[in-house]
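Below you'll find the structure, written out as C-alpha cells, and then a few comments.
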Amino acid sequence: MFFASDNAGPVHPQIMNRLAQANTGHAMPYGNDPIMDEVRDAIRTAFEAPEAAVYLVATGTAANALALACYTQPWQTIFCSVTSHIHEDECNAPEFYAGAAKLTVVETDDKMTPEALTKAIEKHPEGNVHGAQRGPVSITQVTERGSIHSLEELNALTAVAKSYDLPVHLDGARFANALVALGCTPAEMTWKAGVDVVSFGGTKNGCMGVEAVVFFDPAKAWEFELRRKRGAHLFSKHRFLSAQMAGYMQDDLWKTTAALANDNARHLADGLRAAGATLLHKPDANMIFAKWPRRIHQKLHDAGAKYYVMDGPLEGDDPNEPLSARLVCDWSIGTEAIDQFLSYF
Amino acid sequence: MFFASDNAGPVHPQIMNRLAQANTGHAMPYGNDPIMDEVRDAIRTAFEAPEAAVYLVATGTAANALALACYTQPWQTIFCSVTSHIHEDECNAPEFYAGAAKLTVVETDDKMTPEALTKAIEKHPEGNVHGAQRGPVSITQVTERGSIHSLEELNALTAVAKSYDLPVHLDGARFANALVALGCTPAEMTWKAGVDVVSFGGTKNGCMGVEAVVFFDPAKAWEFELRRKRGAHLFSKHRFLSAQMAGYMQDDLWKTTAALANDNARHLADGLRAAGATLLHKPDANMIFAKWPRRIHQKLHDAGAKYYVMDGPLEGDDPNEPLSARLVCDWSIGTEAIDQFLSYF
Amino acid sequence: MFFASDNAGPVHPQIMNRLAQANTGHAMPYGNDPIMDEVRDAIRTAFEAPEAAVYLVATGTAANALALACYTQPWQTIFCSVTSHIHEDECNAPEFYAGAAKLTVVETDDKMTPEALTKAIEKHPEGNVHGAQRGPVSITQVTERGSIHSLEELNALTAVAKSYDLPVHLDGARFANALVALGCTPAEMTWKAGVDVVSFGGTKNGCMGVEAVVFFDPAKAWEFELRRKRGAHLFSKHRFLSAQMAGYMQDDLWKTTAALANDNARHLADGLRAAGATLLHKPDANMIFAKWPRRIHQKLHDAGAKYYVMDGPLEGDDPNEPLSARLVCDWSIGTEAIDQFLSYF
Amino acid sequence: MFFASDNAGPVHPQIMNRLAQANTGHAMPYGNDPIMDEVRDAIRTAFEAPEAAVYLVATGTAANALALACYTQPWQTIFCSVTSHIHEDECNAPEFYAGAAKLTVVETDDKMTPEALTKAIEKHPEGNVHGAQRGPVSITQVTERGSIHSLEELNALTAVAKSYDLPVHLDGARFANALVALGCTPAEMTWKAGVDVVSFGGTKNGCMGVEAVVFFDPAKAWEFELRRKRGAHLFSKHRFLSAQMAGYMQDDLWKTTAALANDNARHLADGLRAAGATLLHKPDANMIFAKWPRRIHQKLHDAGAKYYVMDGPLEGDDPNEPLSARLVCDWSIGTEAIDQFLSYF
C-alpha cells in the first residue's frame, strides 16, 4: 500500500533487461556510447523532431535546473506556478544553476492562467534596470496537484510567453502520464505548442534514474554539455543511462507504464469517492488529493499504508476531523493493493 | 584492447546482482532506503569510523565538488596538484559548487611535496583582504599520473595543512587501487593520516555509477545533504545507488577488483618494458604512461586498441618518433587482451 | 519641483566641507584612514553599541546585499515584504551576493505582520531537504510605501524571527526619517528591538554616496570585510567615504536633514489633502502616495515637476480620471518648491 | 614620504572643483545626469571611438570584474599574467562576477609573451568538455611590476588572442601612466591594438574613486548595465562619479597627472641608482622595485617613510642584507619628498 510517491517503485523488467544487456565489454564513456545513438533516434522520432538535441541526466531536478539555466540570465526571473517543483522542491537548484536568478510565482492556485502569467510578466517592465528582468516561463505538466493542462491551455500560456519573446520550458517529470491522459502526440504537447525545451521524465515512470532533456532548437547543445559537466552530471559509464532510456522508449513502454499508473489512480479515485472521501483536485493523471476522517487515516497508518497527510497531525482529539492526503500511484501498484487500501474505509 | 580509461568497463556481476535484488516493491526514496543503512555500516566498519557521515552520489566530480564545497568559503582558494582532476577535468565544477572560489596549483610535476605546498600556502598571507584566502588542501590518491602517495608522504602533506589549520580532502576516485598497492587500511590512508573528507570511488572500480563521500567529522552532515539536493544530486530511487555500493563493499569486492586492475597494469608494464617501451611515471597502481615509436601506435590503432596518445599526431612523417601514451587497466581487462596488445610490439 | 526621489538631491554643505578637509596629503587606503576611526566611534556611540562592527560602502544595494549575505546560506530563503527594495529594486543583487539564495515574500500589502511572517516561515518546515531552508528576516524601515513600523510592530516581527532562531536585518535606507518620526533612539530601533545588522543609510539623506553596515555582533566582521572586497566594494581612497559619514554624524546632521525631509513631506501632504487629493498610504516619513485627476498631473508635468505617476498613462481621454503618484521629499526641497507644486491644484 | 601606493594620495583640485560645481539642485539619478553625457563624449573623443559604450564605477576591481564578466562564460578560464591584479589582489571578485569561472596564469615573470600565452591557450583544447573552456585574455598595462607593454608587444598578444577568437580586456588602472610613457594615443593602446574593453583608471591618478569601463563594441551595453546594477555598483547620485571623470578628462588633466607621477618615479629611480640601490624591474611608469641594505630601510622606516618591503622582516640580524621594496609615486608626491627620502641613503 505504497502511495507516497511514484519515485519509490521498482524498475520495469524491460529496463532491467536492457541494463543487463548493456553490461558487456567496454563502451566509450561520457555519452559516446552507441546506445545513446539509439536513444537520440528514438526520442527524435517520438517527438517528430529530427534536429532536436537530446541529453540524459539522472535526476529530475538536474533536468529542470540545467534546461532552465540554458535560457536564463542571472539577472532574470523565471515565471512558474506556485506549486511547481522548481519553486517548492528543489532547494534552490534552479537559482544555483541559473547563476542566482530569481523565480517569480504566477499567482494562481495551481495551473497558471494566461491572465495571471501576463500580470506577472507585466510587473517586470522592460528596460527597468532595477528589477529582475523577464526570463523563461516554466510550465509543469502534470502539475504537482495532479492536474493536466489541455493542449488549448498549454497553447494559451505559450502564446503569452511568445508575445513577450520569452522561452518556454516544460517540466515533464510526469510527461507520459499527461500524454496518455490527453491522447495527444509528444510533438503536440511540446514544440507544436510552443515549448522550447522539455524535461522528459523517466524515473517516476519505471526507470531507475534517468531523464531526458530535449531541446527543439539544437543551438543550445554545446552549452548544455558544458553546463551538465560543470554541474557534475555527466556520467562516465553513460551507457547505463542510455540503456534505461532505450528500454523505456522501446515498444512505447513509457506510454504503457503511464497508462497503468493513470488507471491505478482512476481505480483509487473511484473507490475513494464511493467510500465517501472528498476529492480536492480533479485527478487528471496519477495523483490524487482527497480528504477523509482522521480515524480512517489512523487505521491505514497502522496497517502500513504509506502516503502524505497534508494537514494536521495524524494524532488528534477528534477522530472524525477530515484530514487531506496526497496519494500517488505508480505503474506497479496494482488493483490488489488499492482495494486493500480502500478496504479500511 | 580497451585501455582508454577505467571508467568504460562493465559492471561487476556481484553489483548487477545486488541491483536486481534491490528491485522488489517500493522503498523509501532519497536515501531513506534500508540498503543505505547497510552501506553506512559497511563503510563505517571498513574505515573504523563509527561516527562518520556517509553519503552517495553518482559521479566522481559530484563527490569532489560537494565534499570540497563543505570546507571552502567563496573567497578562499583550494590547494591542489597541477595534474589533479578537480583542476584539469571538472570544467569548473569545484569553483561552481564552492561559490566561485579559486584553485591554486601547488607547483610540482605531479604529487605535491610538503615544501611546494608550504610555498603555495605562504603566498596567501593571513589577514590580507586583497588576495584569495587559504582554503582546503585536496590530495589525489592515486594521482592522475598513476602515482601513489606513501603513507609517509600523505602524512607529511596533511601535517603541513594542519599546521595552517586547513582541512584536507582526498580525491579517492582510485582509492581502492592505492589501498591494495600500499597494503594499508582505509583508516591509515584517511583519518589516521589527517584526512577530513574522502571521495571514495566506486565507478572506476566495477560499479555502474556511485561514489561515497565520507566525512570523519559528522558535523558537516546536514550541510552536505542540502548541498547535494541543491546540486540536483539527490536520487529519488536512491536504493539503486545503495545497492551498487552494498555489492561493492560485500566480501571486500572493492579490494578484489582493485587488485585485479593493478595486476593487469603490472602485467602490461612488464610487457612494455620487455618490448622496449620507455615508462614515464612509476606505475604504482593501474595507470601507465609510456613511450614507443609511432609505427607501433599506428599498428595498435589499426587493430582497434583504445588508449590516449598524449603528444603529437598519430599520423606523422617519422615512423620511429616516440609518442607517449596513457594506458589504464580496469579489473575486467584480463591478460589475454593485454598479451594481444603487446603482440604488436 | 523635484519629487522623483530623495536620491537625486544635493550633498549637504557640512558633508562637502568634510570632503574638502579630508583632501590633504596621503592617507592609508582601504579603511585604515584615521577618519574611519572617528566614524566608528560616532556610530557606536549613537547606537550605544561599543562592540559593534561598522563598515562603509557606497550604495544602499551593496549595504543590503552584503549584510544579508553574512547571514544567509545559499540554500536558504530571505523573508521580506512584497514592497521591499531587496525584492523589487536590486536586480537580483541579494540573490547574487547570497550565492543564489531565494527571497520569499511575506504576503501583506506593505508592512509585514507577525501572522503573515509566521505563515511564510511555517511554509518552510525544518528538516525538509527539498525546499529552501529558513533564512534571515529583512525588514524595511521606512517601507517603500512610506510607512514606518512602530517600535511595538518592530519588536513583534523580530520576536517571530527569534522564536525560529532566525537573524534579522533592517534595511534602513531611510533609517533617519523613521527615527525622527518615532522619536526613539537608534538602539531602540535596532539591537534593543532584536535587529542583528542594519543598513544605515546616508545617501538619500544628504550624503554623496555612503551607507554604513552595522553588525551588533562583531563576529561577522572579518567575513564582511572579505565579502566587501570580493564584491569590489572596498574603496582604496576610503577616507572619502569616511569623511562623508563623519560629516553626516557630526552634530547629529543626519537627524536634522531627516527632520527637514519629513517636515517637507508633511507640508506637502497637508497641502494635497487641502487641495482634495486622496492620500493612499499614511505618510509617516518623507514619502507620499496620493491620487488626483489627470488634468492636474498634466499641468504639473508641463511645468516641469518630476515625480512618478504609478498608474498612468499621463495622456488619456478622461481629464478627470484620478491617477496615483509617488512623491518623495528630501531635506533640500524646501516649502517654496512645495507651494509652487501645490499651486497647480 | 608616502610611496606605499598611488591609491592613497589626494584628489586633484580640478576634480574637487567639479564635484563642488555639480552639487547644485537635483539631478536625474542612476547615470541619467547631464554630466554623464559630457563624460561619454569626452571619452569617445579621446579614444576616437564614437560608438563606444562608456560606464562609470567607483573601484578598479569593479571595473575589471564587470568588464570581464561580460566576456566570460562560467565554464571558461580567463588568461592573465602571474602578477595581474585580477589574479592576486581582488579576493576572487573576477571569479565571483563571472559566475565561478577560472583564471589561468600565463607562465612568465610579469608581462605575458605571445609564446607563453599560446601555450596556456593550447593547454585547453577546443571541444574538450572536461576542462575549463578558453575565455578572454586580460592584459595589465602598466603591469603590477611597473612594466609597460610596447604597442608592438600589445599587438603581438592580441594577435594571439584573435587567432583563437578570444576577446581582450585591458586592465588600465594605470592607463594614463602607460600612455604618456609610450607617447601614443588611447586608440593605439586599445581598439587599434585589438582591445575589446578597457578599465580606464581614474582613482590612482588624481580622482576620488572613479573608473570608466569602455566597450568598443556597444553590443555589450545593456548587459553591462544589468551586471553593474546586480553587482550593486550603480550609483544613485551618479553625477558625483560623472563630475570626477569630467574633471579628469578636462584639458587632459589625466595626462598631466600621469606625467607628473612618471616624472616623480624617474627622479626617484635616478636617485636610487645614484645611491647604489639595485633596481629590480625596469621602471617604465610610476612604480619602482629596488633593493638596498636593511639598515637604510630601518632609517627610512623610523623617519616615517611608507612603502612595502617585499622580502624578509625589517628587523633582522644583518644590517647590510639587501631587502627589496616597492615604491609607487603618485602625481602629488613632488621632488621635495623624494629628495628627503633619498637623503637617508
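We call the chains A, B, C and D, going by the order they appear; numbering starts again at 1 in every chain.
Please note the rule applied: a residue touches a chain if its C-beta (ideal position, glycine included) is under 8 Å from a C-beta of that chain, and two chains touch if they have at least 3 such contacts.
Values in this document were obtained by computation on a predicted structure and should not be read as measured data.
Peer 1: Applying the document's contact definition, name the chain pair with more C-beta pairs in contact, B-D or B-C.
Peer 2: Of B-D and B-C, more C-beta pairs in contact link B-D.
Peer 1: Compare the CA centroid of chain A with every other chain's and tell me the farthest one.
Peer 2: D
Peer 1: Give, as an integer number of Å, the spacing between the C-alpha centres of chain C and chain B.
Peer 2: Distance between chain centres: 51 Å.
Peer 1: Chain A to chain B: how many Å between their CA centres?
Peer 2: Comparing mean C-alpha positions, chain B is 34 Å from chain A.
Peer 1: Round to the nearest whole Å and give the separation of the Cα centres of chain B and chain D.
Peer 2: Each chain reduced to its C-alpha mean, chain B and chain D end up 41 Å apart.
Peer 1: Return the residues of chain D touching two or more other chains; collapse runs of consecutive numbers into ranges.
Peer 2: Correct list: 74-75, 90-92, 96, 99, 129-130, 133, 226, 229-230, 234.
Peer 1: For chain B, which residues are in contact with chain D within the complex?
Peer 2: Residue positions touching the partner: 74-77, 88-92, 95-96, 98-103, 129-133.
Peer 1: List the residues on chain C that touch chain D in their complex, please.
Peer 2: 2, 4-5, 7-11, 16, 19-20, 23-29, 57-62, 65-66, 90-93, 96-97, 203-204, 208-209, 226, 229-237, 240, 306, 332
Peer 1: Provide the residue numbers of chain A that touch chain D in the complex, in ascending order.
Peer 2: 30, 73-75, 99, 129-130, 133, 225-227, 229-230, 234
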